[in-house]
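Chain naming follows the written order as A, B, C, D and E, and within any one chain the residues start at number 1.
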Amino acid sequence: MTTGSVWEWIIKSVVIVFGLLTGFAYLTLLERKVLAKIQVRIGPNRAGPMGLFQPLADAIKLIFKEEIIPSRADKIIFVLAPIITVIPALIILGVLPFGGIITLFGRQISLSLADLNVGVLYITAIASISIYGIVLAGWSSNNKYAMLGGIRSSAQMISYELALGLSFIGPILLSGSMSLHDIVAAQKPLWFVVYQPVGALIFWIATLAEVNRAPFDMPEAEQELTAGYHTEYSGMKFALFFMAEYIKMIAVSAIAATLFFGGYRFVLEDQYPILGPVWLLGKVIVLLFGMIWVRATLPRIRYDRLMAFGWKFLFPLALANVFFTAIGIVLEKLWLIPLLTIAVFLGAVVMVGISETRRWRSHVF
Amino acid sequence: MNFSDLTTILPLITLVGWAIILILVDLFIPAQRKGIMAMLSAIGIMISLVIAICQFGGQTTAFSGMVVFDGFSVFLQILFLISGLAAIALAYDYIKRQGIERSEYYILLMFSLSGMTLMAMADDLIIIFLALELLSIPLYVLAGFANPRLDSEEAALKYFLLGSFSDAFVVFGTALVFGAARTTTIPGIIAAITVGAANLILLMVGAALILIGLGFKVSIVPFHMWTPDVYQGAPSSVTAFMAVGAKTAGFAALLRVFMAAFNTLAVDLVPVLWALAALTMILGNITAIVQGNIKRLLAYSSIAHTGYISMVLVTINQSRITQHAVGAALFYLVAYAVTSFGAWAVVITLEHSEGKGLNVEDYAGLGRKYPALAAAMTVFMLSFTGVPPTLGFLGKFYIFRAVLEGGYVGLAIIGVLTSLVSAYYYLRVVVVMYMREGEPLVRKEFWLSSTIFMTAIATVIVSIFSTPLFTWASKGIMFIPK
Amino acid sequence: MTLNYALFFILAAIAIASALGMLLSKNAVYSALFLILNFNVVAIFYVLLNAPFIALTQITVYAGAIMVLFLFVIMLLGAEQTGRISSARWVKPAAYSLGIILISEILYIIFAQTGVIPDAASIAAEFGSPVTVGKALFSRYLLPFEATSVLLIASMIGAIVLTKRKS
Amino acid sequence: MDDYKITTDALDDVGHLISERALKGETVLLNMGPQHPSTHGVLRLLLELDGEVVVNCIPDIGFLHTGIEKNMETKTYEKAAVMTDRLDYLNTVGNNLVYCLAIEKLVGLDVPARAQALRVILVELQRIASHLVWLGTHGLDLAAMSMFLYCFREREMIMDIMEMVGGQRMMATCIRPGGMWRDVPAGFEEAVRQFIRIFPKRIKEYENLLTRNPLFLERTKNIGILSKEDALRWGVTGPMLRASGVAHDLRKVRPYSGYELYDFDIPTQSDGDTYARYLVRMEEMRQSLRIIQQALDKLPSGPVRSNNRKFVPPPRAEIGVSMEALIHHFKLWTEGFTPTKGAVYEAVESPRGELGVYLESDGTPKPFRVHWRTPSFLNLQVLPLLAKGHLVADLVALIGTIDIVLGDVDR
Amino acid sequence: MLPVSYFIGLAAVLFAIGTLGVLIRRNAIIIFMSVELMLNAGNLAFVSFARAFGLLDGQIFVFFIMAMAAAEVAVGLALIVDIFHTKQSIDIDQMNSMKG
């Protein structure tokens, strides 16, 4: 490893981290603006032109807010929990390709931090440990609402991780690699969402649950649990939880774009590799808009129904998706995959519809 | 993998497949008629048994040396499957009357049984480990099946904690053996030792750790402390299955690993094994004397029997008598299985709800009111003691003979002396049955009674015609590809 | 080279310290956290030992699933306070001396054999990658792989049986 | 663990209601409110949870106690009217109405036809506004956050009309004994018609978002089933009663203020669950629109306040020209009018159910006793009944579906 | 590359600490965690040997052991939850409903 490549690596890490932090700040603004538009409001418009400095104002406010540590809280873990939450969110994108190779100052620079042959596993591993911050925050606050939030989140994330992990398998099978670079490369002719429509849908639903977004925002369900696991947090510590949630939103959108929507590849990217990050950003914004849209529209699912949905619907569906993907690949008829999976998906939806209607009619809850 | 691989493990595949089908079938069986599941699982075990018997003869390995198919494996498979049938017969009415009848009982029993079957064939330490897990984990659950009854839950937790503790020993031991021999297949280890490529010290430590791990499973003293509580707390039908199945499987692994792979370590191992066997016999028998609860009594008796069987392990380095030694151990296991099931069946017959009717005193008056039952119990007690003409006598006879052939007179003497001690507490049960007045409460249940009847007959009849069985057991010597 | 040694000894110290922390913590949640730290450090060792697949599986399975379950149960039961360390007075010193004897014995045996354990065979670049592990799993180790799946089904049924509410 | 030991005296007034299981620590006690986003004000619920299942729920009220009943007894009949707005702050005009109806009954005051029609229009508008707040907050409780803002958008139109009529958005106090404070301004009719024109489309919009939304159905179907018998036994009224299959509506059963002139239906449902209550309230908004439409179409002209100078202060223009008027003015605003001894009870159908007021006069200018029979108070009593066996998340939906207003509960 | 025997030594130490934990702690959950530590030590030994020999088999074993550990955790924690519901304690010294 030469000194030059070390510097390159450090600079890239710094750029990614700062990119994510800026992205977080402006994602909050985007969300508030989009929600306001949907809800016939105006949204933030005071700080700067079109409210563009709003994130800055929020940050200043949060920094100067009083930090309260409840006297009966477990102080060490109470302070550690927000940090534990943020770190996985920041490092999860380490294996993601942001673009091809560009030439800058006469240096060939690859627009990604690392290319692991276990890239997808790295993502699942980091996703699976990102739950600790929430659980520990809930526990250390010594507050029943926070505790319930923490327990809910651990159960929810474990449950949805299965479906999430299984939805990774479609792209892995299709590209024959666990490296995200290879997966992007394999999508050159056609995005995997074409072969994996159901897989992409499962991935998206499961990530909504993983990042605790509506309608799966159980752990922080403010109407039930006041604020869930971060009830007792204030000031910068609260901001860290907030930051983690939004960075995770960006991260999962970027991962979804990479796995199913061709990653950084799009028109003209071959000629001008510098367009790669731009296209990726565009895809991420479209996916983020979807998340915000869902939040504005849907009511929250009840906790037990959420678990039932994850285990009884999403998980079997993900298994079926893997199964049919494998069949399509073995038979070398890839066009079979979307047909079969969509058929299974529709069948499952109809079945669930029938059984739910029957349940409502039978007056059992 | 090819077709012959699959046919080799056909009994196992049948068992597992049947169990998984039963999980689905269970959905369509109404809650009050779960007895059907007992019949269905018995049918599955019988099919597997028929296949196992048909496979008899021939020696081969399968799945790239992971499993071995030889006389030993077939013998044990048949023993396990018959034990499974007996366990279902014992459980059928018992769990109904204890109010814990759920179809998962039979499904878990079948999974445990498939673990045992796999153990019979295992020829690789990793398979031995997985088989051990596969047979233990359902047993942990079965031990706690009577929840929320506290003693059952406690039994399950204790069994689980010590079981997983011992698994950790097996894992680390296997790792060290892998480090020593660069492989974990038993033929591979043998080959490595033979050509001198193995690191003997690592191998030694590894073998010792595996011995500790398996020692927990078969309850060799000093790794026996869980046994009484678990045997007492678990539902009796589970205890019977656990006592026979888990112990036999543990010995299958011990015999396979120590008789074949680690026999070159004999110089270091034999004194340890000698001491363990002697300790187990002495402690098991002496502690059993003071037990008032029949389940605890049988638990300590089972520890004592572990001691007798582990006597054969001291002969590991004498290849000329290996055949006899393994044959004797297998024969003893059969004798122990038959007698145990009989004795546990009697215990279950007398057990009421809430753990009543489990004291030796509760057997008073049995001889007068239920002479047949008392006679059967007497046969089992005599067989446990080792009095002719019972299977137990012949089992002990073959074991002592093998040990004497190996030249361990001292151990044999300890064995005989402790047998005499054991006569005291076994005969105490008989004395209580015939000499004391009492009003024993007995259930008349078809499958239970027929189990008692058949095991009692077998204990006597088979002992008279024991030679073919012993010959068969001795022929089941392990096939070791050179 | 010295960097490697330094890295190893620092990580090993963390691993041992966290294991001891697990052992000695009065609070079960802290014990679980120390164990998680230990598992993560061990995962780093796996990376150093050219086992990236296993390393990430370790994090996913142990840190991500098993320990979450532990924490979940501890919190659910409110069983943080683990009470005193041991029952009888003699157990503790006896166990410690036993542990020290055990450790020194094993260490002696192993380091006495340092020459015998070969150091780092030369390996292919693909060693330990998902592809090679997968190929081994589905060829030579097919039977254990299937046995594992049966094991998981059995334990799943077992766990459900144990926790299902009786009506 | 010792920190969490529960002692009965730590549980203040409701300690005696805690079960043995909770004291032993088998179940968890959770204090929900009085400061909690979903208790619609300052309701405190002491929950006993087994996991997340509500084993028991003890509502603890009184955090918004304002003493309005007592306060009203220290004011003259006319002046006390202003307090009524503060009771159920989502049904201000309705509170005015029932109080004025009671006074009118007590002293035998006539109300002109135009005033009656205007009262009906305002009260029905208020019913829609109240149901809109219910729908919005109910949606918000289930985290359908956009619903809230849409509902408030329409409520704003009603608030504007109220401001037009009474000069105040919420506490208009525009209904007075003997009629209205004064006639509605020009443009009122146009504004109401505009609202009637727009609102049906908006209701359809809400229904698109919720009525067949599987997530919403999950959260409301079969949740908190209140049987007909229970509803009657506990004195539940209003949409809750009608959703349990009893077609009881004071506007039909005992018409007041000229409701008998209008043609409208009483929506009922038989399931008695949260969803049924949702459907009933949605339909009620449509029926209110029908009533408003008819009332507007038939709106008579003429005075809006009785001419009985014993009770109704004269208009300001008269004071300058008539001595008698000046005396009446002086007397009514200093001493107030004096009913004869007696007591009346008058009730109307508020958006939440039967809103009644009991007035007792001892022959002085101030009421001897004012007692309010408020629907929220009685409806809230069934909450423990509904909540048992449900999850905490459902409890939130249940508080929403009862549609309590704490000002109405605590008085 | 470091001598592989260092890793084995570390594994042995971790194993011993786990064993100690089982012996001296009385809380069922802590005992169970100690068992997990022991298993993990075994895994580390396996991976180290795999590296030493250049044999993949060691890593495969670890895979199986992890799967088995997951299975064991499911059952074990279910048992612990179960007994806690009945007894409100998971101290194994207090588990003495059966007498010898």
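Note that contacts are C-beta pairs under 8 Å (C-beta built on N, C-alpha and C of every residue); 3 or more make two chains touch, one makes a residue touch a chain.
This one's a predicted model, so the numbers in the text were calculated from it and none came from an experiment.
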Could you give the fewest steps needed to travel from subunit A to subunit E through chains in contact? 2
Touching groups left behind when subunit E is ignored (all other chains fixed): one piece
Name the chain whose C-alpha centroid is most distant from the C-alpha centroid of subunit C. D
Write out the two chains that share the greatest number of C-beta pairs in contact. C-E
Measuring between Cα centroids, which chain is at the maximum distance from subunit B? D
Intercentroid distance (Cα basis), subunit B paired with subunit A, Å: 52
Distance between chain centroids, defined by C-alpha means - subunit D, subunit E (Å): 63
Could you tell me the distance, in whole angstrom, between the mean C-alpha positions of subunit B and subunit D? 75
Let me have the rounded angstrom distance from the C-alpha centre of subunit B over to the C-alpha centre of subunit E, please. 25
Could you list which residues of subunit D touch at least two other chains? none
For subunit B, residue numbers touching 2 or more other chains are 126, 130, 133, 137, 140-141, 144, 147-148, 179
Touching two or more other chains, which residues of subunit E qualify? 8, 15, 18, 32, 43, 48-49, 52-53, 57, 64, 68, 71-72, 75, 79-80, 82
Within their complex, subunit D touches subunit A through residues 3, 28, 30, 36-38, 52, 139-146, 149-150, 153, 209-210, 213-219, 221-223, 225, 271, 389-396
Any idea which subunit A residues touch subunit D in the complex? 35, 38-41, 72, 144-145, 148, 214-215, 217, 221-226, 295-305, 353, 356, 359-360, 363-365
List the residues on subunit B that touch subunit C in their complex, please. 1, 9, 16, 20, 23, 62-64, 66-67, 102, 104, 107-108, 111-112, 114, 118, 124, 126-127, 130-131, 133-134, 137-138, 140-141, 144-145, 147-148, 179, 199, 201-202, 205
Subunit B - residues contacting subunit E, complex: 126, 129-130, 133, 137, 140-141, 144, 147-148, 150-151, 153-158, 160-161, 164-165, 167-169, 171-172, 174-176, 178-179, 182-184, 228-229, 232-233, 291, 296
Contact set on subunit C toward subunit A in their complex: 29, 33, 36, 40, 52-53, 56-57, 59-60, 63-65, 68-69, 71-72, 75-76, 129-131
